[in-house]
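A, B, C and D label the chains in the order they appear, each numbered from 1.
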Amino acid sequence: MDEKKKRLYEIIEVSQGKDVASLSYDKLMLVTVLVGLVPLTMKKTNVYAEAIDILTAIIFLFDYAMRFYTADYKMGIKCYKAYVAHFFTPMSIIDLMAIVPVFTLFFPGSNAIGLFRIFKVFRVLKLLRYSKTMVIIENVMRKVKQQLMAVLVLTVMYITASAMFIFQIEPNLFNNFFDALYWATISITTIGYGDISPVTIPGRLLTMVSALVGVAVIALPSGIITAAYMDETKKTKSKFQK
Amino acid sequence: MDEKKKRLYEIIEVSQGKDVASLSYDKLMLVTVLVGLVPLTMKKTNVYAEAIDILTAIIFLFDYAMRFYTADYKMGIKCYKAYVAHFFTPMSIIDLMAIVPVFTLFFPGSNAIGLFRIFKVFRVLKLLRYSKTMVIIENVMRKVKQQLMAVLVLTVMYITASAMFIFQIEPNLFNNFFDALYWATISITTIGYGDISPVTIPGRLLTMVSALVGVAVIALPSGIITAAYMDETKKTKSKFQK
Amino acid sequence: MDEKKKRLYEIIEVSQGKDVASLSYDKLMLVTVLVGLVPLTMKKTNVYAEAIDILTAIIFLFDYAMRFYTADYKMGIKCYKAYVAHFFTPMSIIDLMAIVPVFTLFFPGSNAIGLFRIFKVFRVLKLLRYSKTMVIIENVMRKVKQQLMAVLVLTVMYITASAMFIFQIEPNLFNNFFDALYWATISITTIGYGDISPVTIPGRLLTMVSALVGVAVIALPSGIITAAYMDETKKTKSKFQK
Amino acid sequence: MDEKKKRLYEIIEVSQGKDVASLSYDKLMLVTVLVGLVPLTMKKTNVYAEAIDILTAIIFLFDYAMRFYTADYKMGIKCYKAYVAHFFTPMSIIDLMAIVPVFTLFFPGSNAIGLFRIFKVFRVLKLLRYSKTMVIIENVMRKVKQQLMAVLVLTVMYITASAMFIFQIEPNLFNNFFDALYWATISITTIGYGDISPVTIPGRLLTMVSALVGVAVIALPSGIITAAYMDETKKTKSKFQK
């Protein structure tokens, strides 16, 4: 029994070598996820989209069942707790979100069924580990995760402060405070659609100051990622030189 | 008496360890500042906003009084000079600006009461020191402060020169020179709202040259921050390796 | 015979020293390519444009013939296989694409004859090797090619996911999914024309999140290129110091 | 005689120490240049602007005369050749351009008198050498000048190729090829005003590809400047450590 479970687990996990069954399963899941996203690119749902939604949901359901079944082997605990713990892992929740919405198909007036399915991409992202370059980028991103989060917090604070200033200085530009936040985000990231732009002198003056200071704020992630990237490439090199 | 003052000072300052009273005070101030900013997100003032303005002003007033009272302990000088010096510290001025505008509530026709209150955020920013990553970012920013100021001076000079050129070459685009400065700032920072954009050939030609040279100008802060960031992470590492 | 072929090959290839004939040929090809691009800058074709198209095509045809003739010397194989292999090299295909479209001139209703001719620029780019700085940049770009491709794949995935989200959340903004992809690309690269911009609260919220995360995605190429550039300049230095 | 000339030269050059006369002259020239730029910020010329134009021109004329007179001392050649050589130095030409246009004041219908005067800023920029940080930035910029020029050449080539493609694919968007060049420059630098943006599917597709590749092109100056900046700060440090 345990041998069978181990084999099943090996197949559904990302293949590590030349395991044909595991590689095939990886490919099947990749295709299923990609096909499952096709209805998201259609403006109006139709019979084909619904067929894809149901079909992919069935495959995802089997996948979910097998992952649930092998949870105790994966966790290394022979106990019902393994199943509970597995149920609440982020990846398991993403898997469930890719299945459940399909049931809304049987009720009228529902839409955007597969929206949560996009997160399923995270499982597919694991397949990128076949590429050595992708592993380096993954390592860099993993290393700077905490620092990028800190920069994000600072950026959001800066955006909020900018939004508060402009909202008081040039209130006629915005319907509500959320619009001011939207304007500040689009400005600080230098996208600048131009759908909202200041017209009064104080508003424009504030925008200029905010933009010039914002250049330093937005340069932080670039600095962090560059530093981490140089560190990672140095490491990879010295590994090969040993 | 001195022991009491010392204790009071410890409480109102950012907590260094597991001092429950100090930690609670930090949290109280954080909540008060955040709540005090809420009226800034409202388009029209109302009873609730005024209530918040008055309530937070009262808390800020007590905070200001305590900081003023412990000024001599903080400065380490037993003299009236400590109070005078404290009164003119930037943080103390920011604290005062968060209190005074509330009195305008009692006169009609005033608005934007809490605008200066946004600067109060600087005191809350100190709470970020709980995070090790934030300390690194703070160190980096402190180190490059002077260099970023120098780049800012150069950028403002470049913006002014660009604005002068376009203002002479395509004067019909702008109501006044300030508009040309606004256009140049929005262009050099690559925001580009599009509310003002050149239409004649010489104006567009100048915009193109200005944009291409501007890429190098705007790359300077990025280079400075990256260099400082790499230096800082190297230092932190070697500190842990010793 | 072989000596003649060798000499011909030396002339048509980028000159390595002070070979006057080879240098002249380089200059002739540079001028021909540049002149051949002139019709692409005209809105309506005219007699002069057609004359240029035909004349440059004739020169390109001679160039193509000579390169084909010297293919066996270049490859170092005395066999018909050399000619076949040469025919399918990317540079040879680009050369052919710069010649063939000219025949459409003899049929009415055709336009954009020289569009493929732009790729001919790649052959001219080789002339940039005269500059030492260009060689450094070329080395950097060659070294990071694989990594930039990986980042491009990630960026396209991120753009597609953003497009799917916005297409479901704010469908009235777009005629079809391609428009959503276009919007996402223009937003993530921070160009932000503003021809398409979100108007509903969920759409704007998604745009804000997408823009803030996008800052980190778009900082990756900058980090990769900077790391490679520092590595390259270090190498060049240590080479001179030896 | 020579002693007088030497003294005069010391005064008009940027002061090196605590030479009061030289420092005063620096300040006088700074103020004159800044005041001389004021008319450029006015939409319509008036009596005050003309008065400033004439007054500053007179001061610039004296400055020019003194620099011409001390040219032989500066060059270290006792010969008329020194004056000729001095006349054609870039700084001397800039000085002349700041004086000559004022004579157009005496003829009606002229405008933009002081436009060339902006370049006079280059002489004022020398005053920035008082700041140590500015010297570092100047060194960095001087070191990367050649490399940034190479990148500029590549960028202009990339912009031209993009413009040619879009001009053939979506010709109705542009009045002439210059507009296509303008569009490409504004897009690659990620300004994106939105005054010109593609509407057809091929045009948008090309814009997307061009934007994604352009991210790597525009990351080059950032990489070059960062590398040079890190090198410069390392040097400055090791200098102080010796």
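Here, a residue touches a chain if its C-beta (ideal position, glycine included) is under 8 Å from a C-beta of that chain, and two chains touch if they have at least 3 such contacts.
Each chain and its UniProt protein: A, B, C, D = Voltage-gated potassium channel.
All of these numbers come straight from a predicted model, not from anything done at the bench.
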Compare the contact pairs of C-D with each of B-C, A-D or A-C and report the one sharing over half of them by residue number. A-C
Between copies subunit A and subunit B, are the contact residues mostly the same numbers or mostly different, with half as the line? different
What angle of turn lays subunit A on top of subunit C when you fit their CA atoms, given in steps of 5 degrees? 90
Can you check which chain pair, B-C or B-D, has more C-beta pairs in contact? B-D
Between the Cα centroids of subunit B and subunit D the separation in whole angstrom comes to 32
In whole angstrom, what separates the CA-based centres of subunit B and subunit C? 45
In subunit A, what residues contact two or more other chains? 190-194, 222, 226, 230
Using the contact definition from the top, classify how the chains connect: line, ring, star, complete or other. complete
Of all residues in subunit A, which touch subunit D in the complex? 190, 192-194, 222, 226
Of all residues in subunit A, those that touch subunit C in their complex: 37, 40-43, 111-112, 115, 118, 121, 131, 133-134, 136-137, 140-141, 148, 152, 155-156, 178-179, 181-182, 185-186, 189-195, 218, 221-222, 225-226, 228-230, 233
Which residues of subunit A touch subunit B in their complex? 146-147, 149-151, 153-154, 157, 161, 164-165, 167-169, 171, 174, 176-177, 187, 190-194, 197, 199, 201, 204, 207-208, 211-212, 214-216, 219-220, 222-224, 226-227, 230-231
